[in-house]
């Protein structure tokens, strides 16, 4: 009569390994093509500003005076547009995403500075959950 | 052990162990459910975490009285269970349980909140659906043992199930309603999603919700006690068998829960009443032929 | 190939044309407004994958009769146009009176100030 | 015996006095004083005969019988004329048949029979007397305030309150007469007076509807009266007795008294508004609320069940008994179902009365001691709680302008005291540990023991329905609505006094019931049945119940309404406007939330259920009577 | 009985993944009247076309909706391309077709899950979504996104998919098929599920036509309408027929969608078998100057993309008529006289996408 | 003092004006692959039961009062997690006439989860981060 029609499937599931990927205990391996976050090879950048102009969300800011290229991480929609337009191919799309954060972070990269000015993503106090494992840093 | 000592021990054990066992049962339930759904599921102790967390939340309420009703709900559920495990009168137990449930319903009504009210209305409907079968179950025991007293039932010469197969099936049927399992989780579901938001419990939060949860633990253990009754008699090993059967029945309920869509109220009341009117009736008829 | 054509009409003929299409078994599939000098309105109809679009241009202050009495579903499109463009559509079967969308800015496609 | 006479005659005298008193003041004083006297009198009666196991009295004086006969003929004539006047010929036809038979019997057979005792008193009649004396007179007091408002609402009509109060007290008098009479001819006389009084009270407002309903009531009651007459005639002719105790004694000795028992039970069934006669009681709703309260709780219908319960020892597994229990059982089940579909509070109460009477009748039909125990308990608890509820509804109606349950939301905030009393009444009607439930429990056990599974099914399903319709009403008034104004100060003090007393009585009776059982009902049963086997509910459980009630009261005192939590708005899918009464709805509108209970018309519709009930009960009665008569012929 | 229950349903409600609102007027639980209100998600993105270049606007278009995202990008591109008379490489058209059909599979599985959730069948919901994840994995591997693909562009597609990958997709699908069948059979056969769908929200063929029902909503009432018949992208090469049921109730709609899952899998197989090699995009030099009404078959039904170019980098007007918009009148029709418990089912039965609807 | 708020975070999800992408990913977190119930997370539909408010999509005239109300109806301690670029900043729709910006315009946002759409993993990370905030808030509550 079709009363326990899903019975087979759930009993099978009960005795088989669950489909759960167990993230974050087991880190996720992303596809090569996965669009995660934008990396910049700041030394190669010519600060032409095309990426900034093309970016649909105005996430990228290019400051020629300060010789600085910065990206508002919480504004980027990972469309890959900037990467496609960069004349010197200094932008790339990495396959890991920007970590969630308690603030809207902006990463600035100054050119020719002795040390890259990239401030690390502020990693808040380790999560209180047992299962928590640090997500790999993205910058 | 004389009767009084027995009662004191049984009540004390119920008071302390029932929430532990009930919470654990809920934890196992959630775990098994998760596994049936191809997931890992929460830790076994999750229900306890939930309740402890609820106790940590800010206290809010929509009026000055709803908490009182919920406290009464808990108290009377506990009293029901105490009567039961002290070997009291089955009908008394059923009526006390009804009283407790009415407190819950009135609490929901008192909030005058749309979904809580509809939840209360549905809860009432469910009560109306299962009440006949519950009463018939008690009557069935009476017909077999000539008494409504549980202490005399468990001391009986043979398991009641032999005489009450139909009533047992009917009881398990409405047990699904009582345990708030799909397909009959109409008034409030343990799962978040449903057309009534959280139905009956929509307006309860924090400690009040925790009390409801605890009351459900007590209630579930008491309901399992009911199942136990069908398989308990004077034989020394019957408790083991009976507990085993309780586990099986609970598993069956989990299985059913994961196998059905939530039906509409019409089907819920129609089928429960039909179950009571056929299974109950026929079983009683046969018993009468034996008894009279 | 299936038909997909745009046919210009006079605003005055809208009801007549619409009724004609209705009689031919068409149903409404889309109404689109566009702010030009005045408004450009396109009413699209479909019959078994053939699409005909009636196109007309009205002045901003012109009133347009609703075709929702002929094609019931038109009321949604027309209310939308009313809310977003401020086109004066009259005789709707179901008039939301500018409450289909609650907007911070009235008639954003045709800002009044 | 003088107390008995006093209780019968005193209300009569008061009634006559009220007929001539025209001022509010004087009426108020007299009614209150008389009520106090009657209540005191019934209590005194209880005290006086507390130790007795049934005392029987012979009244010397033939003339009383003739006076009664004369009055009966006058009443018959009165009804006959009214029937003609209002073109309700059925009523006229019925009296025209009945009265001559009765007169013929009196003149030919009646006076040849030596009546040993005309009056009697036992513990059951004490209980009945207390119900009539206390609750009945409380209702009369309540009626003072109520009728003032009533007159105020109907100021265009002539003030007919003297008649009204005359009828109320006459009613009380007749009721005392019924419960004290052992001579069936007397009983019949009082019986007919209650019929007449109810007829006049139902028709009191003189609207077309009231007149129609009054005639419906009288036709049905006359039908019952006809059964009564036949019973008397049959008894007189066959057994040479017209005494109730004789009838019972004959029956209990093992002789068949099925025919008179069935006929009397039939009379009782009509009066107790069992299906198929339930419609007259529903029709009686058109009368002012105190009348409903009176008819439903302490008089009229109680006369019906009283007679049947009296007959219980000769019922049981015989055609008469089966007829009674099946009619009662079916009525209980179906009336409970119908109550679900009703939103008019008085109709809910009415159907609940019909249902509960059904239960009492069914218990009496079973006829065992345990069943009668349950029946008497039901009578007591029902009388208190039901009168309380009717009067609460009456008060609410006069103040909120509606007797519809759906208009009672937020009553808790608007009329807290009345709401609480109503809650007490409702709980008293169905919830553990209140009395009705305990009685139902006992009834259930009696049913099971009787071996009638159908009855068992009726009671389990009926109880489920009862649960539903009471709780939803309860929920409605317990809802706490924001922003409600307290309008209670407008209620008359008499009304509040009566309500308070009744509410206290409801609780008190429940607390006291183990005592009641041990000292009143069990002795009565022992007297009737000689041996009383184990009671349905062990005394231990009775004490547990009483303790539970005490616990609830205690909890309420300790914890009710005490919270230091923050009060927040209710959940409304994120669009609560903030006042908890409305939300931001579609098309930019602010919509008021409205919550309506379930009525499940398609399941439990009145029409459908009544058809089922009437057909099945008529079938049973026809079946049983043809069986009995078939056996005779 | 004068009084009725009047309560708000939504905008925040657990069965609604997206906010809409209904004023429900009920007697017992029977819905006497349901007055809808939308607008919680309206963004006004059509107007962005005035500030985003036509090539860039595709990022906006595909974010109209996270469920049927791909076809929004595709519809927009197709409309502009047709307006410009731009012919794109055949391989790109095939790839678009494959992604479109995969989207349909994912969308329908998602819907099945939501429906199951709507009637409280948790495990069915979970298993539907478990299977759906496999399709998302394909998306991620081929486009780099699970939800938003960013893969269509004017002139073709931005990423090629190697033939090996295409084969592996087929393999995944074939592996899935048996389990999908097992799962969908529950919807088709289960007694309790059927008690919630059979006879619920019946709409006749005539009503479906007049009320403007599109997609599975219309097809379940016997309306033979499927925009893929127009032969856009690679559909002209593929062999298929619209799936039509006649009962017009929620059950029929479920069946239509279930059958479409298998139809889509079949179409993907056909496409992979026939896909030609070659370029996946052509450069765009010109700007759009014409207008075009483009019609595509989304999972929820016909979407109409209207674009009007005026010879600049900015289009003058983009208009999207989405399927859910067209299905609202049918929904209102179905809601009349249903039970409260049916309300979520009926809302779900049109497979609503408010985000599409309100843009 | 040990706090249980982090062991049993119940969430409520509301869709501001998201495109569904983030919504569906939130729901996906509940399903077998990601199964956030492992952390005790239950998706309650009811603000009064919720500890964590997951907001997707940007805010506009019509949904601002709704979002506010949901937030206000949640008992303390509570945390808001804005999911997706739309919810953090309005995203690609920031310039639309009916978009007023990210959800922090209306309610205090504790954690931002970037991504368009935010991936389930990112959402899990965000919620975990939110748990830290929740614990702090609980501690602050106890102190008071």
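Letters are used for the chains, namely A, B, C, D, E and F, taken in the order the chains are written, and counting of residues starts over at 1 for each.
Just so it is clear, contacts are C-beta pairs under 8 Å (C-beta built on N, C-alpha and C of every residue); 3 or more make two chains touch, one makes a residue touch a chain.
Owing to the predicted nature of the structure, the values given are computational and were not obtained by experimental measurement.
*Asks:* If we look at subunit B and subunit E, which chains touch each of them?
*Replies:* Chains that touch both subunit B and subunit E, as defined above, are A, D, F.
*Asks:* Looking at every pair of chains, which has the largest contact count?
*Replies:* B-D
*Asks:* Taking the mean of the CA coordinates per chain, how far is subunit C from subunit F in Å?
*Replies:* One centre to the other, that is 40 Å.
*Asks:* Provide the C-alpha centroid distance between subunit C and subunit E, rounded to the nearest whole angstrom.
*Replies:* The separation of the two C-alpha centroids amounts to 24 Å.
*Asks:* Taking the mean of the C-alpha atoms as each chain's centre, how many Å separate subunit A from subunit E?
*Replies:* Averaging C-alpha atoms per chain gives centres 28 Å apart.
*Asks:* Per the centroid of Cα atoms for each chain, what is the distance between subunit D and subunit F, given in Å?
*Replies:* 60
*Asks:* Enumerate the residues of subunit D that touch no fewer than two other chains.
*Replies:* Counting only residues that touch two or more other chains, subunit D contributes 568-569, 571-575, 586-587, 593, 595, 598.
*Asks:* Considering subunit A alone, which of its residues make contact with at least two other chains?
*Replies:* 3, 5-6, 10, 13, 18-20, 56, 77-79
*Asks:* Which residue numbers or ranges of subunit E touch two or more of the other chains?
*Replies:* In subunit E, residues 5, 7-8, 11-15, 29, 37, 39, 42, 44, 47, 59-60, 63, 123-124, 126-127, 130, 133, 145, 148, 190, 192-193, 358 touch at least two other chains, as defined above.
*Asks:* Among all the chains shown, which pairs meet the touch rule set out at the top?
*Replies:* Here the touching pairs of chains are A-B, A-E, A-F, B-D, B-E, B-F, C-D, C-E, C-F, D-E, D-F, E-F.
*Asks:* With touch defined as at the start, can you tell me which subunit B residues reach subunit F in the complex?
*Replies:* Spelled out, the residues of subunit B in touch with subunit F are 30, 34, 37-43, 46, 49-50, 52-53, 55-60, 192-194, 197-198, 201-206, 209.
*Asks:* Enumerate the contact residues on subunit E facing subunit F in the complex.
*Replies:* Touch residues, subunit E against subunit F: 11-15, 17-19, 39-45, 47-48, 51, 59-60, 63-67, 69, 110, 113, 125-127, 129-130, 133, 136, 145-148, 353, 355, 358.
*Asks:* Of all residues in subunit F, which touch subunit A in the complex?
*Replies:* These residues of subunit F touch subunit A: 6, 32-35, 38-39, 81, 85, 88-89, 91-92, 94, 110-116, 118-122, 124-126, 128-129, 131-133, 135.
*Asks:* Taking the complex as given, what residues does subunit F use to touch subunit B?
*Replies:* Against subunit B, the touching part of subunit F is residues 3-5, 7-8, 10, 31-32, 35, 37-40, 42-46, 48-49, 51, 75-77, 138, 141.
*Asks:* Name, in rising order, each residue of subunit C that touches subunit F in their complex.
*Replies:* Going through subunit C, the ones touching subunit F are 101-105, 108.
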